[in-house]
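Below are structures written as structure tokens.
Both of the next two complexes hold subunit A, though its partner changes from subunit B to subunit C.
Right after this comes the complex of A and B.
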């Protein structure tokens, strides 16, 4: 998970050679991605009032049936409605994805800004700790945490949140470093600004957009991580619908009823792709550099 | 009455891997209230480090400091960052070289001005806004109320430098340090900015230190000029005296290297040959000796001290000064 995040950071930091005008406008793909994300989020929020069978209701229709008028996305091996399960699964995925990264952003972002601004011993210690976190095998960490605290939503959020701290701290520190050495920080000091005010009103406005767009990509990684954990049965316990556990349930039936695995896979694929597109577009947009001013 | 700023034997040495770099090596200066001092020297002569040392802006680690910076009798070198913060902005302010980098690109211009107003003068939001708009108008920015809500990239270079000047002037400092304020600007804009600085300096009877590599910039705009070379002041005089009765060959060479409009085209520019000395291993004698057209054996052996000239307020560091007939003949 953390390896994936670092990779995402590397890829998005590379940027492309598009011209200024293209960067100013957000591409159509961004709006399509945003549309998909909004759709998924809205469905997940209003799932309870939709005219759908309960996601855990067995025998809502004949088992392992393909898409039909009654069950748009078909039914699974226990006859549960796939559309309903997919939408409820989105709840878990989005909740885990956004809360864990929000927590990671809060902790990792704070560490990164302080390390990048104050430097010195704090930076050495904090970044050393982040390296240790990065080097720690993430799956082992998640496994240990789940077996210790039990397979609950909060545990999964905690595990992914902790794992996201290090990559976020690194990205934020790197960004803070470049801005902390800029002349406008010195200029702010010459009119008597305190460190706290410099961080809040000079550094943060520059760092936050980049951090948020990176976080969007991180959410995608977190959703995949949650999927992997629930595929392994380490996330929310059955029968609660999650995309990962649904993929797992369809695993043995790939030949006769491929849609059981395919539907949640497609939902996850599209959501992760949309998050990546949106995150990349925002990163390109908020990448403030002298040359483009 | 004590002078506004008195720099006594100021030393700023940087600890580098190669050794101690003597960026500022025993500089003494005095700036009276409401007066203007120009500091002139080529790149690497220590002008910027001098300005930042006076401000107390240099990092504490890796820097050896010595001497005194007396601002209204108070030694700034001994102050903590906390005490300096009350002086920065309110008593001494600074204008930087490049307005592209000294303004925060993602913060509206208005907020960059009001921050220090609200901090130092405890103004409310509306009062600070009104004050900031007045300031923008006073530094010659048209439509100040509209500019207030704009971002730096929406302004031209000259306008941005006007904004940084407005920020520096916001709390009515007694001393303004302008570190190459026009180097990053177009030639046509340069004189506008210099005129603005001069007008503001007079209007507010504020003292100003104008740091530049261009003698032309300080010529008509300063009361006194200090010429720096390799971390030392080599000549200091009232502006008029310096231009008419310069004693230091370096000053003469600097002046000679300014292209003149009345000369025919393709006249070779008289550049100063060679490069400034290595500040880690400065030469034993006069630091300019290696590039000096009049150098004598004594120049390489013994370093000339800053000595008074017959003209009032004029000091120079040279064994064989320009305009000394006895010396030149021999």
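Right after this comes the complex of A and C.
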């Protein structure tokens, strides 16, 4: 996932130069995407009070049934309600996506700002360490970490969070570098502001929007990574509903009940697409660049 | 290519290889509780556990173990499976060709489709073909490979029985059915790469085509296709090579998923099987192999830049 993120930065940096006009106003697609994300997030939060069968309740309806009035998205091979499972699956995906990237932002962002501001030996060492982290093939790293520590929600978040540190640190450093040379920083220093103050009140307000918009794309990548792990059966254990494990469960029933795989696929696809759209729109606006290699 | 350029790259390789090997080594230490219990299971006798403890040198200090382990690894000994008794290196040797073939085919597929599409799209930016291919690429980027794989199986193996959904025939056994069994897997793995390469090469081509020497070539009356192929393509492939190299890591990760999905007997499937069998020594071996392979592949890509773009040898010296 780290190489994915690096490349996401490279690709969007290439695209952002194309239309200057789009930078002024956020496109309609951004608001549609945001709407979908809010809908999914709200459903995930209030899942417990929705009038739905429990996601783990087997025999809530006849097994392998397509969408109907009782079960809007049908039932799976054990007769569990697919709508309920999809909404509860969103909980896992969003929780993993946002917490791991939040942790990555905290650690990677701090490293990036300090490296970009102070430069010198700290920068060399820190960025060298980041390069080493990036040298590991990411999904394999996550797979190894999760399988040796034991597949649990916390280890999945840890593994994906660790993987997000290096790409985030790189982007934040590149962004810090450009702002640290600007005249307002020089002005602040001339009037006697200390480093800490310059970082907090001059650098951070400029770097944070760019970092957050990159983080949205990172969340999408994190959700896909969690999906891959749970597809392989290496995320939160069954019978907890996750999108990846639901897709995997439906795989053997593609002939008679393709909806079992397709419903969670659609949910994940739309969520990832929405995060990408929203992140891209914001990156174009805040002009995120990753000092391209 | 100068020897100093290669020498510097080799020097950069050393710490990375150290870190990668140390991390793979430390994996066994991450096992919660007593690693001998985790490996042998709770029903193992004390005697067997003591023997394993000794075999894995768990009774020695960490640094000694690491040095010993590196030494063993260098001689091609990655330990043996505690489930089947098979040496890890032998298992890896059996499984590696499948993974390599899958990786090569999907990378090939992505490049073979991306280059002509990008050329066609860049020739008339904003035209129908350009817009369709660009937005399709964006859409495909949002499709995780496990999802795409399931969709392809549904379409081409369940609905229309063009290709087998699972299973694998060795290349030496029957080349035709070997390829048939790899069509869906390589497509699943290659599509995201295709999308990335297409987007990248297209935007780089458009940038290159705006350069003065292209106008010059056109002014000399060279045919459009010759300008595209002979003047614009090579200078535009720089980011493509970079990303193709970086992507190897994702491809390997993706290969794990795709092998599992299509029951291909490669390294990825071996890893996943071994994880479920708690065969941790084998997992450690596959992780090391994949990580070192990835690092070396990236190293080769780095050298390749030097050939493609001579400026790198000098400009990057400062980096």
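Convention: the second predicted complex is superposed on the first by the 279 of 293 C-alpha atoms of A that agree within 3 Å, B and C clash if a C-alpha of one lies under 4 Å from a C-alpha of the other, contacts with A are read in each partner's own complex, and residues count from 1 in each chain.
As a working rule, contacts are C-beta pairs under 8 Å (C-beta built on N, C-alpha and C of every residue); 3 or more make two chains touch, one makes a residue touch a chain.
Since the model is a prediction, treat every value here as computed from it, not as a measurement.
Model built by superposing both complexes on subunit A: subunit B and subunit C fit together without a clash. When the two complexes are overlaid on their common chain A, residue A:220 makes contact with subunit C while staying clear of subunit B.
Looking at the shared chain after the overlay, A:201 reaches subunit B, while subunit C stays out of its contact range. Looking at the shared chain after the overlay, A:192 reaches subunit B, while subunit C stays out of its contact range. More residues of subunit A lie in touch with C than with the remaining chain of the pair subunit B and subunit C. In the superposition on chain A, A:183 contacts subunit B only, with no contact to subunit C. For the combined arrangement built by superposing the two complexes, subunit A sits at the apex of an angle of 100 degrees to subunit B and subunit C, based on C-alpha centres and given in steps of 10.
Of the two partner chains placed around the shared chain by superposition, neither subunit B nor subunit C is touched by A:154. When the two structures are aligned on the shared chain, A:228 is found in touch with subunit C, with no touch to subunit B.
Aligning both complexes on chain A leaves subunit B and subunit C separated at their closest CA atoms by 12 Å. With the contact threshold set out at the top, residues 293 of subunit A are in contact with subunit B in one structure and with subunit C in the other.
Residues of subunit A touching subunit C in their complex: 1-4, 6-7, 10-11, 14-15, 18, 128, 131-132, 135-141, 143-145, 147-150, 220, 224, 227-228, 231-234, 244, 247-248, 250-251, 254-255, 258, 261, 265, 268-269, 272-273, 276, 292-293. Only residues 182-184, 186-194, 197, 201-202, 205-206, 209, 288, 290, 293 of subunit A touch subunit B when the two sit together in their complex.
Only residues 55, 57, 85-90, 93-94, 96, 98, 100-107, 111, 115-116, 119-120, 152-153, 164, 167-168, 170-171 of subunit B touch subunit A when the two sit together in their complex.
Residue ranges on subunit C touching subunit A, taken from their complex, read 15-16, 19-20, 23-24, 27-28, 30-32, 138-139, 141-147, 150-151, 153-154, 158, 196, 199-200, 203-204, 239, 242-243, 246-250, 252-254, 256-257, 260-261, 271-272, 275-276, 280, 283, 287, 290-291, 294-295, 298.
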